[in-house]
Structure formats: C-alpha cells, structure tokens
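Chain nomenclature is as follows: A, B, C and D, assigned in order of appearance, with residue numbering initiated at 1 for each chain independently.
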Amino acid sequence: MNLHLWLIPILPLVGAAIDGLFGRRFSRQTVAAIALGACGAAFAMALWVAARFSALELPHVETLATWMRAGGFHADFAFYLDQLSLVMLLVVTGVGFLIHIYSVGYMWEEGGFYRFFAYLNLFMFFMLTLVLASNYLLMFIGWEGVGLASYLLIGFWFTKDSAASAGKKAFIVNRIGDFGFLIALFLLIKHFGSLDFATVFSSVPAFANAGNEQLLTAIGLLLMVGAAGKSAQLPLYVWLPDAMEGPTPVSALIHAATMVTAGVYMVARSHVIFDHSPLALSVVAMVGTLTALFAATIGVCQTDIKKVLAYSTISQLGYMFMACGVAAYSAGIFHLMTHAFFKGLLFLAAGSVIHAVGGEQDMRKMGGLRDRIPWTFWTMTAATFAIAGFPPFAGFFSKDEILWQAYSSPYGSWVYWLIGVFTAFLTSFYMFRLWFMTFFGEYRGGEASGHDQHSRTGMSAPHAPHTHESPKIMLIPLAILAALSVCGGWIGSERFAKFLEPATGSLPAVEAASEHIGQSSSEVLFTGISVAAAVLGLYLAWLLYRRRPELPKKIAAALGGFYQAVLNKYWVDELYAVLFVKPLVDGSSKILWHGIDQNVIDATLDNSAEGAREVSDSIRHMQSGNLRSYAGWIAAGAAAVIVYMFWTGSR
Amino acid sequence: MIHLTIFSIFAVICVAGAVNLLVQRHPINGALSLVVVMGSLAVEYLLLGAEFLAAVQVIVYAGAIMVLFIFVIMLLNAGVEEQTKGSRVAILLGIPGMLVGSLLLSWVLLEHSGTQAVAAGALPGSPRVIGWLLFHDFLLPFEVTSVLVLIAIMGAVVLAARPEAAQEKRKG
Amino acid sequence: MNVETFILVSVIKIVLAVIVLLTAVAYTVWLERKVVGHIQNRWGPTRVGPFGLLQPLADGVKFIFKEDLTPPHVYKPLYIAAPMIALTFALSSIAVIPFGNTISIGGIQTPLQITDINIGLLVVLGITSLGVYGVALAGWSSNSKYSLLGGLRASAQMVSYEIALGLSLIGVLIMAGSFSLRDIVNAQSGHFWGFIPRWNIFQGQIVAFFIYLIAAYAETNRVPFDLPEAETELVAGYHTEYSAMKFAMFFMAEYANMITVACLASLLFLGGWHGPLFGPPILQALLPLFWFGLRVFVFLFIYIWVRGTLPRFRYDQLMAFGWKFLLPLAIANLVVTALIVALRA
Amino acid sequence: MVPLSYYLILSGVLFACGVTGFLIKRNIITIFMSIELMLNGVNLSFVAFAAQWHALSGQVFVFFVMVVAAAESAVGLAIIIAVYRTRETLNVDKVNLLRL
C-alpha cells in the first residue's frame, strides 16, 4: 500500500514556499489561510495514515528516490512509518496545527506576519522530515533544518539585539551537539556501511556480540551529545532559556512541544544501540536525572513567566531522558506526548497572559488575573495540575510511569527515583508559584509599564492599558489542549507501551512485573509518594505565595549565597563565557587574524605577487608586439611539443 | 588506379595553389589561389565520399568566405605587399620550427600509416546522415556554434561600423 | 550500360544541352527586346529576319568582329579571366538540371539530364555562389572606379541575397526530403482532389516561391535590383571597361543565369515537367519537355515584364530589404514548414 | 585505393604552407588566408580519418570547423577594416603598438 508519506512533509514546505516567496503581497488572511491549510492538510494526512495504520505491515517504508550513491554507501529519500513515528507524527502535526491557529491571533498585529508563517511552515517540514526519515542522514537533514527554523524564529524580531544573539546562541550551541551526532553518523557509516535504520539496527546485535561494545558505547554517547544539544540537556541546555526571546507560539511549538523532544525521539529510535551499551544508557539516565533536578531548582527562582516555563521544559526533558536511560523508552515517549499537550498549553496560556497584560512577562507585576481572563485561567489550571502530576491529569500517568520505571527497571536505581520525586516536588512548587503569582492576589502591574514592554517585544499596536481576554482564535486551541492535558493520559501507560513495543522494544519492567505480581502493591505505594510530593509542592506554594507572601524574602535572605547562585542560574552562562567564548574570541582575533592571516597568508600573497611582478618585468621584452614574431614562437613551441612526443613515443 | 590518378591531379593543383599563395605578392592573387586550393580540396572530399562536405566546402568556403576576403581586398584597395623586416624571430625560430615539426610528422605518418588505404567513396557522407548526426548526436555543439555565429555577426557589425556613423545615429 | 555507351550518351547530351542553352540565351535576349519594346509602345527588333528573329545571330556576328579593347592599367590576367569565369559558372550549372523523365532510345535508358547526382541542388547553389567571382574580379581588375563600385555592389548583393535564396529553398527540401532535383520533381507529381496539381507552390510554399523570385532577381542583377550596372550612376557597372566578345560573355552569363534560375523555379516550385499527357507515344515522350519549357518561358516572361515595369531600388533599400525583410521571412517560412512537416509525420 | 598517408601528407603540406605563409607574409589579409589554409589542411585530415575509421563524426567536425572559420573570418575581416581605418596600413610589421 502506498500512503504517499512524502506528502506529509512536502505540504508545509509548499506552504512555506508560497508564503515566503509571495507572502509579502498577500493579505494577512491569505497568508494565514495558506499556512493553516498546509499544516492542516498535513494533520489530516497524518490522521488518514493513522486510520489505515492497523492495515499496514510494519515498519512501513516508502522509498521516493535515491539520494546519493557513493561506493558501497547509499542513502535514499525514504520515509519510515512505525508506531513510534506515528505517535510523533500525530503529536507534531496535531499540536503544530493547534499552535498555528493560535499564532494567527497572537501574531495578527505583528510586522512580518507572512515571514512568521513561512518559518513556521518550514519548521513543520523539517520536523516531519526528521520524524519520518528512514535513515540517519535524512533525519539529520530534518535535525539541522529544525535548528535553522528555530534560529530564524528565535531571532524573529531580529532588530532586537537580544533576540538576534539568542538565535545565534541557540544555533551555535546546537552545532556542538550536531558535531557529536555527525561523528556518530560517520562511525555508523564506517562500521555498518549504511545509515538506514533497518540495516543498522538489524546488524547491531551481531556487531555487539563480536565484542564491539566499546564502539557501540562511543556511538551511543555521541548520539547522546547530539540529543543533549537539541533537547537542551546538561551541559548544553543554556540556549533554551534564551530562546524565549522568540514569539510565544514559537516557544510553545518548537521549544516545548516538538523540536526539543527530537533528542528523545532520536534516542528512542536508536534504542537498539543503547540497549547494547549499558554504559551509554546509564549516562543518558544520569544526564537526564541531573538536568531534571538542576533545571527545576533554577525554575524555582525565576520571575519571568516564560523563563520559568523554559526551565520547566528542560526539567521535563530530563525526565524523558531519565526514562530512556533506564530503557523505558515508551514511558519517555508517553511523557513526550503528554508534555507536548500540557507544556504547549502552558506556553500558549502564558502567551495569552502576556497578551492580556500588554506584553509584560514579569510575574511580579501580574496577579489577580483570575477573574479578568477566566478562559486562560482555567486552561492554565488544567495544565498546571497536569505538569504537577495530580491524578487524573495527563502528566500524572506519564510521570508516575517514569518514576516507577526509574526504580524498577533493571537499569534503574533508587537514586534516580529519589531525585525524580524531589524534582516532582520542585516542579509542583514552582508551577503553583507561577499559578498563584499570576492569577491570585492583587494586580501589581503599573499602567505605564505595559507600553515599555510593547516596544521591547516589538508589539506594534499598543494595547489598552486594561487587561483583557484573548480573541477566540487563541482560546479554542487552548481549550482543545486543555482537554488533552486532562484526558491525554487516560490511554494508560501500559497500553501505550504495548502499542509501542514493536518499535521501542519491550519494557524490562513490564516483564519483571509479569513475573512478580506482588510488586503491584509497591507500585501503588510509589504512586502515593509521588502524588504526595505534588501535593506538598502545592501546599508550599500556597503557603509562601498566597498565605504569607513575606516569607519568600526571608527564606531567600536566610539561604544567602545559595539563593544568589540559583537566582543567577548557577552562573553557568558566565562560566561558559569565561571558559569557551572568551578564549575563542581572543584566539581567533589575536592568533588567527593578526598572526596567521596577516603575517603568513597575506604576506605570502604579497611577496609572491611582488616576485611575479619582478620576473615579468624582466621577461616582458619578449613581447615585441609583432604578430609574426608571436607566430614564430608558436611554431617553435609546437615543434618542441612534437619533438617531445616523438622522443617519448620512440623510446 | 583512376582514384589515385584523380587524387594526384588534384593534390598537385592543391599544393600548387598553396605554394602560389606564398609566392604571390598581391593579396588578390593569393585569394584566388586559395579558392583553387579549396576547390580541389572539395574534389578530394568527393573522392573520400564526403559529398555533402564537398558541396558545403564550395558554397561556404569558396562561395562565401573567400568572397568576403576579396570584398575586403577590393574595399581597402590593398596593394602589393611591402617587404619589411619586422621580425627576426619569425624567420630564425618559426621557419626551422615549422620544418622540424612537419618533417617529423611526415616521417611518422609515412612510417606508421603507409599500409592502410582508403577506397574511393569509402564513407558516404550524404546530407541525410550528416543532418541526422548534427541534429541528434551533435545538437548541443550545433546550437552553440549557431550562437557563436550570431555573436560573430554582431561583432563584425560593431567592429566594422564607422565610429562617426554610429555616433550620428545615436544623436539622430 | 557499358562505359563506351555511357561516354557517348553523355557527350551527346552535353552537346545538345549546350546548344539548346546557348540558343535559349540568344532568344531570351530577343524576347526581352521584343517584350520590352511592346511594353514601351515600340516594335523592338524587326529588321533582321521575320519579326527580327535573326537579330541574335546578327548581334553575335557583331560582337565577334568588334575590336577587343584592353584599357591601360588594368590587371590583365584577371581582366581576361573574369568574363570567362562568369560565363563558365553560368553555363555549367545546366549539367545537373533535369529536363524530363527518363527516356529510352534504342534500348538505352537515360535520364533527360546531363548527370543525375543526389546533391544536385547543392551543386547548383555552389556553382552560382562561385559566379560572384566573375563579377567581383571584373570590377576590381578593370582599375576603374565605376567598375570597382559595380563589382563591390554586385558581390555584396549576391552574397546577401544568396542567403535568402538558399533559405527559401530549404522549405522545398524539407517537403521532398532530398537534394536530388529529380526526386524533388517526382515528389510533386499527382493532384489534390483530382485537379489541383501537387506543386510545391500549392503545398504551402507560395511564400518561399516569392522569396525565391525576389532573391533570384537580385542574384542575377536584374531590374529592380540591377544596381551593379546602374547606367545612370555607374555607366555600366562592373563591365564598363569591357567590349566585344568579353562583354558578350558577361551578357551571355547574365542570361544563362536567368535561365538557370527559371529552370530551378520550375523544378522546385512549379512541378517540373509534370503536366497532362496525351496523344501518340512520341508526343507523350515530348510533352514533358514542352511543359517544362513552358514554365521556364513563363518565368522568363515575368522577368522581362518586371524589367519593363518596375523602377530601380536604391542600394540601401536593397540591402535593408534583403536583410531585414526577406531573410526573416525566409526563416519564418522555414520554421513553419518544418513544423507542418513534423506535425504531419 | 589511395593510401591514407597520402591524404595525410597532403594535409600536412597544406598546413605547413599555411604556417609558412603566416611566418613570411606581411600583408595581414594574406596572413589571414594562411590561417584558412591551415584550417583546410586540418579538415582534409579529418575527412581522411573519418573514411579510415568509418566514423562520420569526423565529417561533422569539419562542418563545425567551417562554421567557426566563417565566424572567425567575419570578425577577423572586420578587425582588419578597423585596423586599416586607424593605421592606414595592412602591413603587420607596422601594426605593433602593443609592445613595450
């Protein structure tokens, strides 16, 4: 059966091309219609594919054309559909479509409307290519392409210096990860002769049995470097908070729901490699766990509403990697899906809040918005409860599954679980802190500050100073995502794991559970503990930010240095600047520019030019200007050539 | 035998024409001897079977290019060649070089291709076959040369136009 | 057919053709004088013989006995060679022109043509293109400004119009798919719907025919394109300095060229020797010759008619007309013909 | 039957004559004609080799050479006219401004 999978990524590309090339002359309605049409068509196509999914023979590969062929190596434009890519496909197109709708309302007043939608559609193209690719090379194209789209969208307001440099930062940090990814690809080519998923994965077990675990570990670790760059894990997470300079729908789509999860998808996709390399797997788990904790602690002190969400995203991505690290890939993907719902919703709702208060992002200047923007409030409430892990919201199921797997998996350990539970508590705390600060209490924003913020974010039309609810076109996606955040987890992690099993391998813990039925009681206990952690976070947030608002300052003063460290994000950016950026800048300007470029390369050229001039000065007298003399030289030269050929030929 | 006789007759005419080109001091005689060379070469082409080429040789070379030469000679009223000594290199270097090269080449040709012989009309190059080749196998070179000719036409017009005339036209 | 009979037949054909051609040349001159005379309300030659029919003979005798002047300061070798070149090339193209179908006399099959070669048309074109030399060399070698200007004009004009002429023929070539004049004529046999002959002129080559007609006038230096010998400006153009038999050679060459052009027009556009055949076998054998001769005559008559009617062009008009109108038109005709043939195939 | 080498020798002689003409002639038009002579010599060898190897592309190549020669002579003669207009001479020994 030919599903014409290539249409799914191509449709947004067509939309991007039309909007990008001709959008300047179109009206906003036309631009939005084209972008929504392209994205909606891709979503409809994905649903159609999903409807036919059960009839397919999996994995379903559709080869479009040969891309390159070099010696024994060849790569195709081929698309690969299995359970994993179907889930990603639905999440990307579905959430992407909702965010497209939301963006129409959010970006309506902005300049460069057509540019925004062209970029957004371009992103969809690359993301879908990434998800549907049937080999690492095509995946890498998508991987780089989403990086490009992310760069373009972070720097959407490129006249603003901070946005432009945030875009560059995202791009450069991602390069480090991509470097690792590329080397992993080179190793794969060298040792497997192919980048095709099916070929590589089928030959991995034999390869591992032949005593090449170290090599597989190296490949796995390098892939993890790539994933860490794209998914903002330690130590390459620094770009994601800065990426919040982009428009909020971008943060929702790219930096929460889809692109940053590409790393998780890639690790899950490559699970065969990781399964054969326990060391790489535990590195993944450790990185994920530490990132989750680390980002959560920073999130506690942030005051910018989007920054809190950004650190929260990093932390949740850490959860996903923790799940992958204990070989519970389906749990990671499950969390990826629910996270896409509630974190996309959180960002969109935050965007709605920012929209409502006229561009203000500082939570300290919000408050009491509950009554003024009820739709946003209720949807955001759903998302907050979901991320905090309250049953029966979506986040509860996925996070609980991850924590349980972290403990019970053969690769797991109680340390992971402990840190995970503590992080869950922190998550609950900072999310409810955000919730209370934004929606409860008194409105703390000044009338004038709104205008300042307008110009800062590039919002062209000044809003009325009073807060107001967002237009319907923004609220409908919020409502749909809210419904998904509530119900999205009801599939149940075990059914989800069963569904994904052919693609991600069977859960170790599921096997374990089937062997030891007695463990189910302990699972209930663990669930209780994680719910308790969430409730504790809620209580603490209520205590500190609702009941006794003077307490946080005291605590901060009491903690002193540690509080400062957390507030300044552990000075990681500053550390990187001293360690990497400054040596690079100094080295390239002093050694490369002044030293090598000027003294060696330029000097060589200057000297050789001087020499050539001198030599030609002396022999230019051969040019008599007489045509016949030139002919004489030619004849003599031709004779010389003939003599030479004769001489070489006669030997 | 008849083949060789015809070949020899026209080869002699050909070489005589070529030598005459060198000997004659007036360019119009040179041009006419070149026409003779080309005409007899057309006969040699016919002997080899290249009938289309023979016709084209006459039409293009003798009928168009050489007419152009004679036209220019008439237009510029070119007189008898002056005998100036402008270039020692041409005599001292060029002539010996030419002699060495051609002697070596002749020796090689005589030595290494003497046994092969070509029959009269060995390869019939009828217009149909040549046309087929030109418009199928050599379509791109054909088109490129047509562009080249177009450029040459424009170049000739630009170069030969009197600067004053061109300026007047621009003014008017 | 063995070699001896071949040579014999060929010699007979050559002699016959040359005699016929020279006679035709002579009587074309007579015809011209007569027709132009009537157009101009005169009688033309009447004194020598009935209707002045012996006038060409008298002219010939006169040319032979005139003093053959060679002006001083001419470049003698070329001055003498030029009229010969002109006449030689003008006469030799008759060698490939077919006059009729293959006939059989006494068991010997032979085409009514000195030699039938498969690139006949190319040969005719080649020979006519060489005809320029006679005119150009005559103009140059006479060492006279009138001659030089006449020669320059003639060579430029002939080279220019040769292109339009050649391009107008290519349409016919595409229709016939051959360079052989005999094949081209045979491709025009038969009728459309039983009564319209399948001549090329009725097969869409009418534009090509008129291009050919105009270019042919220029090629033969005839009115309205007789600038090389425009008597009001250049005395007599390239043959100003010639007299007696040398002048007669140019004269004959001009008329021989006219006849060649007329033959080509008949063969290429007007269906050659095809026409209704009837009567006894002898008549059936001779009728094609008659039909062919009739066409040539009509064409020549038009030539003379035009001469009696139209004024002379200015030289820049001539060049502009040739390059800017005739040539593009010929190319357009070529493209259209090629398209039609390709689509029909 | 004529040996191939005869054709080649003939073409070589023509070429050599052309080279010599280029070297010894002073009139720029004659020099130009010498170039044409060389081209003709080369053309003959093309046709001879075509007959020898039964490859019609040799004849096609001659066709191209002719076209290029036509283009070349058109431009070249235009150059000669332009040169004559400024220098009033056709002697190449006197057209040597392009020297040091």
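Methods note: a residue touches a chain if its C-beta (ideal position, glycine included) is under 8 Å from a C-beta of that chain, and two chains touch if they have at least 3 such contacts.
Just so we're clear, the structure is a prediction, and the values are computed from it rather than from any experiment.
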Query: Looking at B-D and B-C, which one has the bigger number of contacting C-beta pairs?
result: B-D
Intercentroid distance (Cα basis), subunit C paired with subunit A, Å: 85
Field: Averaged-CA centre spacing for the pair subunit D and subunit C, given as whole angstrom
entry: 34
Interchain centroid distance [CA atoms averaged], subunit B/subunit D, Å: 5
Query: From the C-alpha centre of subunit B to that of subunit C, how far is it in Å?
result: 29
Message: Quick check: what residues of subunit C touch more than one other chain, meaning two or more?
response: none
Task: Could you tell me which residues belong to subunit A and also touch two or more other chains?
output: 624, 626, 628, 631-632, 635
Task: Going through subunit D residue by residue, note those that touch at least 2 other chains and give them in order.
output: 19, 23, 26, 92-93, 96
Pairs of chains, among all present, that meet the touch criterion: A-B, A-D, B-C, B-D
Field: Sites on subunit A touched by subunit B in the complex
entry: 624, 626, 628-629, 631-640, 642-643, 646
- prompt: Okay, in this complex, where on subunit C does subunit B touch?
  reply: 75, 78, 118-119, 122-123, 125-127, 129-130, 132-133, 136-137, 139-140, 148, 151-152, 155-156, 159, 162, 179
Field: Contact footprint of subunit D on subunit A as seen in their complex
entry: 620-621, 623-628, 631-632, 635
Field: subunit B - residues contacting subunit A, complex
entry: 86-98, 100-101, 104-105, 108
- prompt: Where on subunit B is subunit D touching in the complex?
  reply: 3-4, 7, 11, 14-15, 18-19, 21-22, 27, 30-31, 34, 37-38, 41, 44-45, 47-50, 52-53, 56-57, 60-61, 64-66, 68-69, 72-73, 75-76, 78, 81-87, 90-91, 94-95, 98, 102, 105-106, 109-110, 113-120, 122-123, 125, 129-130, 133-134, 137-138, 141-142, 145, 148-149, 151-153, 155-160, 162
